Structures are given as structure tokens and as C-alpha cells.
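Two complexes, one shared chain (chain A), two partners (chain B, chain C).
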Partner chain A sequence: MATATLSETKPKRTKKLKVSHTVSFLSALPWIGPALFLIILVVIWPVIILVRTSFTDISLAGSLLDFNGIQNYRDLIGNMDLYPVLRRTFFWVFGIVFFTIALSLPLAQLINQNFPGRRFVRWALIFPWAASVVMTSMIWSWILDAYSGELNLTLTQLGLITEPVDWIGNPSTSFLFLMWVAIFVSIPFTTFVLLAGLQSIPNDIVEAASVDGASSWQIYRKIKFPLLRNSLLIATIINLINVFNSFPIIWVMTKGGPGYDTDTTITFAYKLAFIEGNMGQSTSLGVLNFVLILIVVGFYLKATKATRTEV
Partner chain B sequence: MKKLINRSVAVAASFALAAGALVAAAPAQANTVTIKVMTPNYTPLMPAYYADLNKRFEAANPGIKVEHENLEWSDLVVKARTLVATKSYPDILNHNAFAEYAAEGLLHKASDLFTDKALSDFATAFRDNSKYNGVEYAVPDLASSRMFFINKALFYGAGNTKIPTTWAEVTAASKKIKAKYGSRVYPLGIPLGQEEAQAEFQIWAGGNGGRYFDEKTSKWVINSAANVQTLNQLKAWTKAGYTQPNPASTNRTDVFRLFAQGKVAMLNASNFFPSDLKTIYKSKVDYGVAPFPTAKAGTKAITLGVQDYYMAFKKTGNQDAVSKWLNFLFEPKNYAAFLKATGGFIPATKSASTEVDSTLLPYIEQLDNAIFYPGTLGSWGPVNAKIQTQIGGGITKDAKTVLDAIQKAAVAAGVK
Partner chain C sequence: MKKGVTPKRIATVSGAYLIAWIFVYPYINMFFTSVKTRDEIYAIPTTHFPKVWKWSNYVEVWREAPIWGYVKTSLIVSISATLLVLAVSIPAAYFVSRYRFKFRGAFLLLVLATQMFSPTALIIGIFKEVDFFNLLNTYLALIVLNAGFNLAFGIWLLAGFFSSIPVEIEEAAMIDGCSRVQALRKVTLPIALPGLVTAVIFTFVSAWNEFTIALTIMSSVDKKPLPVGLTSFLGAYDTAWEYLFATTMIAIVPVVILFIMIEKYLVGGLTAGSVK
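Now for the complex of A and B:
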């Protein structure tokens, strides 16, 4: 019986909703129109062009030679250099986001405490965020330079190494250093998002817990951390997208080299197009990057929806 | 009401004024041509040279404006390719490759920019290297050849008596240098980083009979046995600790700096290196030069000849202006100053060759045994880029695999 009424009312309701949706969309159009137009122009249109281009044969000079179906995708899949790059991109994205969050959590906790010089620490923490990423990367590549870098100089003077170590020249260490720089520039944003989350936790809950005899670890574990969930989620997702699309750090420090040993899919796509003049494979990789990012964004939408219903 | 009329009169008047200004401005604009010139920074003296040249050029040619951009080599390569791919061509480009642009039909013919008489002053061999399908699309601006440099103090100080002429002698000399100075000195500088890997590899491979391209059969031969053997030799020297660490990520300028600091004992360098040592690195290293070592005794030493090009992109209405600018640059006085600013290159014109510095003579003699890149192929640009980024990988990975991969890309790029 109950199911019958449900199935009876359901179509009616959706129909009503549909009508009101169209009406409300039309009445809203004058307001959202300009934004919509902008989105179509700068987001949707380039995507259409990108996808279309990936099915064409394009010369070095950018002249369209012919449509060649899925040949570009075939070439890309047949390019054996792609697979190590994909693997590395995976490590790059998840490694950096994981360590960024892991380091930002205690940092946010620290600068949420009241201590003399807190304002100074907060400013210092903002610095890598305020400075241009290109600048930060250059400074790090100078620090890590094999022959005149500060790190080798210090290590030599401390007697820890006898001959210079080429930190960013050697692919086995350089990628870790690139990741470190990416973590370094991601920490400020993440920390401040988490700090905002910490500050939104009402004080009375914490006080009540401590009156009840909870230790500070218990308060953090059982009260603060669960309440940080939202900001943690936002920080994670935004970092995922940022780090995936990150280009300047790798380009400034190693140009993805030697060979493709420190490339991610983003620098690899750039290299294919503008160094090797391989437009076809590069555009198909562009589409692949777009799909990967869509998957990440899908996670984002799903995750935020989940929290919205819960809160 | 009166107020309103006044206002509309004022508006009308301002419109009329603006229109008048537009009409007045229009003819002046039509007369001015702006040309974009993009050049590599051969030395730190180049910006000052071009600033002076462009100032005098603009004064002599009212109606032509020059927008000049001087870039480091690695930036120039990327920027030129990006600009061309996005169809925002420079008007004039000074670069190490021209054929890929000629193949796309983007360049003015040299004969449309220079008179026959002016063209005949360029050295014939360099003119031949500037042809695509038999037509000149560029003019040479200068050339270089290379020799084997040694730091005399380090080299002889380690007990060596004779500059190596074969790979075996290079090994022996390196061993002595390493034994004497330990980790303070790298016996051999081998830069296989992106900046100039193609040159470093070619000059070693050339001494073993290896090439990138076989002119006779018109085929890419990048993974030839001679080339594999060469890459394995470079790998062996690296493994033995005779080179600086990580040749695959070391650029030419890095080893130049190390040589200038007295930390590298032997390396391959061009005719402009002595001037760089003096003016850029302020180095007092006492160096010796000799023909490049070959794989085995008895083979004739080779050198790598490199020439760069000036080319002009076809754009509506720019032919006259780019022709004037290029001819102005090659006026004897201006060209002499150009050569001076670039610091010790081999001149590209016959007239300038008569008065070269005597220190350049050995390099010019070497040109008879020079290997040139297959620069007249339209596919050389992308193949060269692939070599530059990939060949250094052979130091840590399997040499044959690395060369096979480059060969495959070269074959795919074709011979056109």
C-alpha cells in the first residue's frame, strides 16, 4: 500500500519540479547569464577545441593538415615513455598531498596556540605562499646546486660529505627534492585552511571535555579532529587539483630531465608539444589529463555532497 | 533644456575631436612598420650591441620600429617553437635551425631579402647549409668549430706529457689526473644535458665514424653500431669516476664554469670559449688546445662545425623592413661589431674573413674536417630536440635502448 502511494506521488512531484526548474532557470538567466557566458567561453570552448584538435594531424607550425581519427591516441598509447610518467604522476600527486596534510595538521595546531611571537610565525608561514612559485623553485635549485649550492657547502663544512652530491641532477634523488619543494609551497595554504577549521570549533565543547577530565590528546583525537573533517576535505581536494596541474616547480628545477625521468603528465605534454614538436600526441595527452582531472573533481563533488547531507 | 543642448553639443564636439584625432593618426600609423627581432644571447655583450644597432637603424629608417628580444639559448629554442606553433611569428629570428620553418613555407627566400652581390659575399659552404630543397631560406650569421681543451696545470701536473689523440689515451690521462687530485678535480667534462647534448655526442661519435644522418643513403643512423659504442665509452668513463657526476643533467655552461674554476681538466669547447673564459668567467686558467681525440689511432681527427642562421618570417608588408634590417646588420662595420660582441666566432662572410684574429686560424683550418648537423632537413629540429633531451639517458640506462628510441622517433619524423 505504502509503495503504491509512493509510486503515485512520485511522477507528479518530479513533473512539478521540472516546470519550476525551467521557470526558475529562465528567471535567473539575466543574473547568471554573464557568468554562464564566461564559463562557456573560457572553460567549455577550449575543451571542445582540445578534444577536436586531438583527432587531427597538426604540423609544427600549427597548421591543420588533416583529421586522422584516433591515430594520435594510438601513438600515445604506443609511446613507452608514457607509462613511467603516469606512475610518477600518481606518486607526485598522492605523495605530496599526503605529506602536505601530515605536516600541516600539527602546524595548524601550533599556530592556533597563544604564544609570544605567534604573529611572526604566522607571517613566516605565509611567505612561501606569497612568493612566486618560480622564484621559490629557483632558490631551491640554487640551494641544491651540486657545485656552488648552500646545502653541499654546509654538508662539506660539517664533514658529512667529501665530494659534492648532485641532488637534482641524479634522477633517483631529484624527484624527491622536487616533491619536497611542492610540499613546501603547499603547506601554507593547507595550514591556514586547517587553522580556520580549528578556530571555528566552539570553545565550550572543548572546555566541557576538559572539565570532564579528557586529556589534551583525547580532546584532539575525539573532538577537534572529527570537527576538522570539512576543512580537511577541502584542503585535500584543492591540493589534489593544484598538485596535479603543477608545472613551474618541475620545469624550473629539472625541465623534467634527464630524459623523462622527472616528468609528470603535465610537463610531459608540454615537452611533447613545444620541445619535440609532437602536437598530436600532446593534445591527446591533454585530453587524458583532462579526464584524470575530471575523475578527481568527481571525487570532490561526491565528497562535498556527502558532507553537506551529513552536516 | 538649455543645459541639455549645451551638453549634447559638448558631446558632439568631443566625438568630432576624437574622430579628427583618429583621421590624423591613421596615415602616420600606416607608415610605421614594427618588426619583432628575436636573437640568442651569445654573450652578455649582445643586448648592448643590439640596442646601439637598433637605435642607429631606426634613426636611418624612420617608419620602421624594432622590437628586440634577446634570449638565452634554452629559452630561445622553446620560445621560438611556441611562437611558431601559435602562429605569432617573429619577423626576424636568429637561430640554430631554419629548415623546419622553410618546410612549412613560413620564410622569405634569401634572394628576396638580399641582392645577388650581397649573397655572394657569404661563404659558399655556409650558403649550401642554408638551403632547403635547393633554395636558400636563411643566411649564415656565424659559425664555430671545436677543439679539445686541457687545463695545462692540472694535465701536466698529473704527469701527463702529451695531449690525448685517442680514446685509450684519454682513459690513461684521466686515470693519472684522478690518481693525483682525487675528488677535487674531474678529469673529463662531459655535458650531456639538454643544452648541447647533440653536439657533445656528435663530436665524440664523429671520432668513431658515427653520424646522426647518412647523406648517401638519406637515412637516419642514430642507433648505428659506432654510436652505440661511443655512448658506451662515455658511460664507461662516467662509471670509472673520470667525469663530473650525472653527465645527463650537466649542461655545457656547467662544465665551462667548472673548467674556469680549475675543477675540470679536459673538455670539448668551441672557438669562442677562450673569450668566454676571459670576459664571462674571469678565469686565469692556462689552457692548451688540440684536435679532438678519435676512437683509434690512425683515424683523421674531426671537428663539429656549427653554423647559426638569420631568417625572416613572411608576414604581410614586412619584406621591405626585414630586408633593410638584415642588410644593415651585415654592413661591414656593423657586422664586425657583431662578431666582436659574440666573442670569437668564425665569420660567415668572405669580406670579414680576411681580417680575423690569428687565434681563430686553427679553428678555421679544422673546418675542412668538420661534420655538420643535417640542418637542411625539415625534420632536423624535432629530431635534434629528441636527441638533446634523451641521449644523456644512455649514461644510466642501456645505450642501445636509448639510441633505438631516438632512432624510432627520427624515422617517424621522416626525411623531408
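Now for the complex of A and C:
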């Protein structure tokens, strides 16, 4: 995806550069070396430690490495707490990404129109994007608080509830509200990506269709939406990765509790390692997490048939 | 498009305002809570607006919690990580946009792949590595890690900007006697300024908001950055919500303003030209 794009944007110069500026890898090293070093140090090294630890018998503090094959993976599979967490992770990822995209599409269309105050509406959308997710989760915890929260206050005044409802304390509602907060923080980025896509659609195509008598829904359905395909693809992939790896919302609002009732595989892996000290199962779950995200993204790319041209 | 006031248009505009309200409302609620008195916060029934505006919360909070320590850590780490990202990504982005070389595609793919690895998924590996270097509870570890995970964005964004600057401008400078590095510094970088500003703000805000790594490797109280330090306000029974939200307001307002400043370039950078 990456290489193709960079060279495609400037086809003319690429051709010229190929002739006059092809250099050896060694002479590139002083320029790209520091970046390469940083990536290896910060990303590749932890990956190797994670994978190696998943095949050893070791505690978080312990330095003794004792190879024990796939025993950690067997323990993990035998851990009955894992399965509800896996099922919940599935709803978490697909529920949040689906609603984020479904809400962002009309929203991008809306803020692409001209109306007084449009700039302020766009600025409003930037708040949840720029603010720390930790802090956004805290304010939602407070709004949803049973006795002091705005939600119950408003619902009581409207006469919709008579007793305060503990939205976060009750596992049947808390997970839905966690998902809502995740959708809330995902929409701004997604909307802006789709907005950029809408803005790159040439105006004359839309005008031509309009002159030919197409309704605005037809224009959207037949012209704009197909042209949004790339933006939609990017937004969906980035959301899949972000939502799958999402940690602060659950950690701040419920810590995955009560028990494991609101955990996803990410918070479950964190708990296994840093609260229960079970490094073996935690690291094997970490590896499983990465395989899962690869499968999801790979499957999505295949489903949209983008693999052929873009990777 | 058609102008004039039609019912449809009124519905569209009010819909837009309503949505804007939904997205800003939690932060307005945060602000109101930050100026309430403790009694009013725990009053039943609670109130929509503060009855008494207790602005002094914003002064008291600095005494109530080690906020200055949190702010100091956040500033040191975010600024250093941003400088490190710039120092490393400018040469890399410049070179990949100007030259073809062996493994160029592999390098770019590696950069892109780092976006798939979130710090959260790798946290155990990160913890063990930092422990191995004996750097737990140090600014250095947090700086390097934040820089590493924001590098991909910096390289992609800047490479896009450099590619859009005609190579002839640099060649002209070099004919006039500039070296390659001088041409980059005196000609290309000033033209790419919007890209540099965007990379700086984005990296800064991202490091400013980072939570998981800091939560895991910074355990000493005086070295926690803001997002982690704030969680210590969350007590089981008597959370000091007014202080908590006074602090979050202090942390949020500057970064929202920074983000609004780069709104125009942000999306183009994040999607790295793939949208077009």
C-alpha cells in the first residue's frame, strides 16, 4: 500500500529519479539508519521478547529462562475465563467499528456542506480527538455516575426513571457504555478522514450529474460513495487496529470488572501479567492478539479486494 | 448548491449544531464540575450548573496533588520525544522521497508495520526491555518509547511533503554552491514548514496523552505524566472530582487549541496520501 502510493503520486519525477538518483543501501544508511535503529529498539525488540517469553516459564521479575515449548499456550487454552473474553472482544471490535463508520459517513457528508458555523462544528469534533482518552473516559464515568451524574439527573427530571441506575456498576449496561465511549472517541478521526475523501472528489463530476437530473441521494450512492472507497478502507483498517488495541477506556471506567465481565483480550492480557503475575499465559495471549489483528485486517483487505493493487 | 432558507436546510443546520453539542458537552460538564464546591458535587439531587462558581479550585489543586510534577514530566517527555522524532524522521523522510535505493520498499513497509503494533499489545515486551536496560522510572525510557511509536506518522507525513516539493529548487541551490544538507536546511525545510508543524503538534499531543506505557514503567509518584497521575484522584469512595476535572481542563485545553491549528493538514498526514 505504502510504496505504491508514494511513487504513484508523483509519476513524472519518479521516472527521472530512477535514472539519476538510484543509490546503494549503504549510502542510504546515514539518513535512514537512526529511524531503523529506533524502530528495532522500540518495536522489534519487544516483539521478540514477547514471542520468546511466550515459550518460556518465567515470572515478571524473574530472569531465569526455562524453555517449556507450547505449555503456556496449552494453559491459556485451558483457561476457561478466556472464552467469554474472546466473545466479548469480537462484539467490542466489530460493534464499535461498525457504528463508528455508520455514524461517521453521514456526519462527514454533513460537515462537508456549507452552513453558518460549520467551522465551529468541525472544532467541536476535534475535542474528543485531541483530549486524552483517559480524561474523556473519566468524564463519562462521572456523567454516568448513579447519584451525581448528569445522565441520571436528566432522565429523572424527564420522568423516565424514578430510581438512580448504576450504569457502570451493572455488567449488563456497563459494557454497552464502554462501547459508546469508544465510538465517541473514534468518530472524530474517522469523520475527518472521510471528509478529506469527500473533498478530493472533483466538483465538476457532481455538477455534471446534477445537471443530468440526478437526485442528491443518487449522486451520493452512485458517485460519491464509490469514490470514497479508499478513505473508507483506510478509516476502517486504522479503526480495527485502534479499537482492538484499546486499553484506557476499559481500564479507567471498570478495570475490566467486576471479575472479567468487561475485559477484552487486551485488558485481560494486562491483568494476567501485571496483577496476577502470570507471564506465560499473558505473553501467549499477546501473541494470539497479534495473530488475531493480522487475521482481521488481512480478511478485511481481502474482502474489499484491495490486496491485489495496494499491498 | 441551492441557497435560501428551506425546512430541509434548517433541519440540516440544527442537526449539525446538535451533533457539535453532543461532542463538546462532556467537556462542558467537565468544566462545570471543576468549578463546583465539594458539597455541591456530592449533593443529592445533583445540579446541572454550579450554584457557586468556586474558581479557587484551579489554585488549590496545585497544593492538593503533585500536579506540577505531572505537568513537568509530561512537558519534558512530550517535548523531548517530539524533538527526537523530528531529528530522526526528517533525514529518513527526505531520503526516501528523493532517492531510490535497495530495500527502500522494505524500509517503508517496516515503518508502516510499526503502526500495527500498538504499545498496548507489546506492553510486556516493553516492560522487560526497559527493565533489562535498568531504565524503569526514567524519563529517557518514556521519551524513546514515545518517539519510536510516533515515528511512522512523522516519516510518512514528511515524505509526502518533501515529495511535493520540486527537486529542481534544490538543484538550483546546489548549483549556487550549497551542499545537499544546506539545500535541505535552507530551501526544502522552510517550504515544508506546514508539514513540520503538523508533525510536531501531532507527536506532542500523542505523547502528552500516552497512557499505557507510562502506567506500566513509571511507578514513582513524582515522575508520573498527567494521564497516569490523574488516575490517582480516583479514590474508591471520595474522589475529589472538582480537582480531578480542574486538572484535566488544564491538560486538555492547550492540546485542543493545538489540534485546531493544524486541522487542515492533520487528515492528509494521517492517511499519508493514500486517500487520493
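Just so we're on the same page, the second predicted complex is superposed on the first by the 254 of 311 C-alpha atoms of A that agree within 3 Å, B and C clash if a C-alpha of one lies under 4 Å from a C-alpha of the other, contacts with A are read in each partner's own complex, and residues count from 1 in each chain.
As a convention for this text, a contact is a pair of C-beta atoms (placed from the backbone, for glycine too) under 8 Å apart; a residue touches a chain by one contact, two chains touch by 3 or more.
Computed from a predicted model, the values in this text were never measured in an experiment.
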- Can A:Asp166 be said to touch chain B (first), chain C (second), both, or neither? first
- First (chain B), second (chain C), both or neither touched by A:Tyr147: both
- Item | chain B versus chain C as contact partner of A:Gly257, first or second or both or neither | first
- Item | Contacts of A:Arg87 with chain B and chain C, given as first, second, both or neither | neither
- Between chain B (first) and chain C (second), which does A:Leu125 come into contact with in this model arrangement: first, second, both, or neither? second
- Looking at the overlay, what does A:Lys222 touch: chain B (first), chain C (second), both, or neither? neither
- Query: Who does A:Met279 touch here: chain B (first), chain C (second), both, or neither?
  - Reply: both
- Message: On the A-aligned overlay, A:Ile241 touches which partner chain: chain B = first, chain C = second, or both, or neither?
- Response: second
- Item | Between chain B and chain C, more extensive residue contact with chain A | C
- Residues on chain A in contact with chain B in one complex and with chain C in the other? 60, 147, 273-274, 279
- Within the complex, which stretch of chain A touches chain B? 59-63, 80-81, 146-147, 162-166, 168-171, 174, 254-255, 257-261, 271, 273-279
- Considering the complex alone, what residue numbers of chain B touch chain A? 77-78, 81-82, 84-87, 100-101, 104, 106, 183, 192-194, 245-246, 248-250, 254, 257-258, 263, 381-382, 385-386, 389-390, 392-393, 396-397, 402, 405, 409
- Note on the structure: Residue set of chain A touching chain C in the complex reads 1-3, 5-6, 9-10, 13, 16-18, 21-25, 27-28, 30-32, 34-36, 38-39, 41-43, 45-50, 53, 60, 107, 110-111, 113-118, 120-136, 138-140, 142-143, 147-150, 153, 156, 184, 187-189, 192-193, 195-197, 200, 230-231, 234, 238, 241-242, 245-248, 251-252, 266, 269-270, 273-274, 279, 282-283, 286, 289-290, 293-294, 297
- Message: Residue numbers of chain C touching chain A in their complex, please.
- Response: 1, 9, 12-13, 15-17, 19-21, 23-24, 26-27, 29-30, 33, 41-42, 44-48, 84, 87-89, 91-92, 94-105, 107-112, 114-118, 120-129, 144-145, 147-149, 151, 155-156, 159-160, 163-164, 166-167, 205, 208-209, 211-212, 215-216, 226-228, 230-231, 234, 241, 244-245, 248, 251-252, 255-256, 258-260, 263, 266-268, 270-276
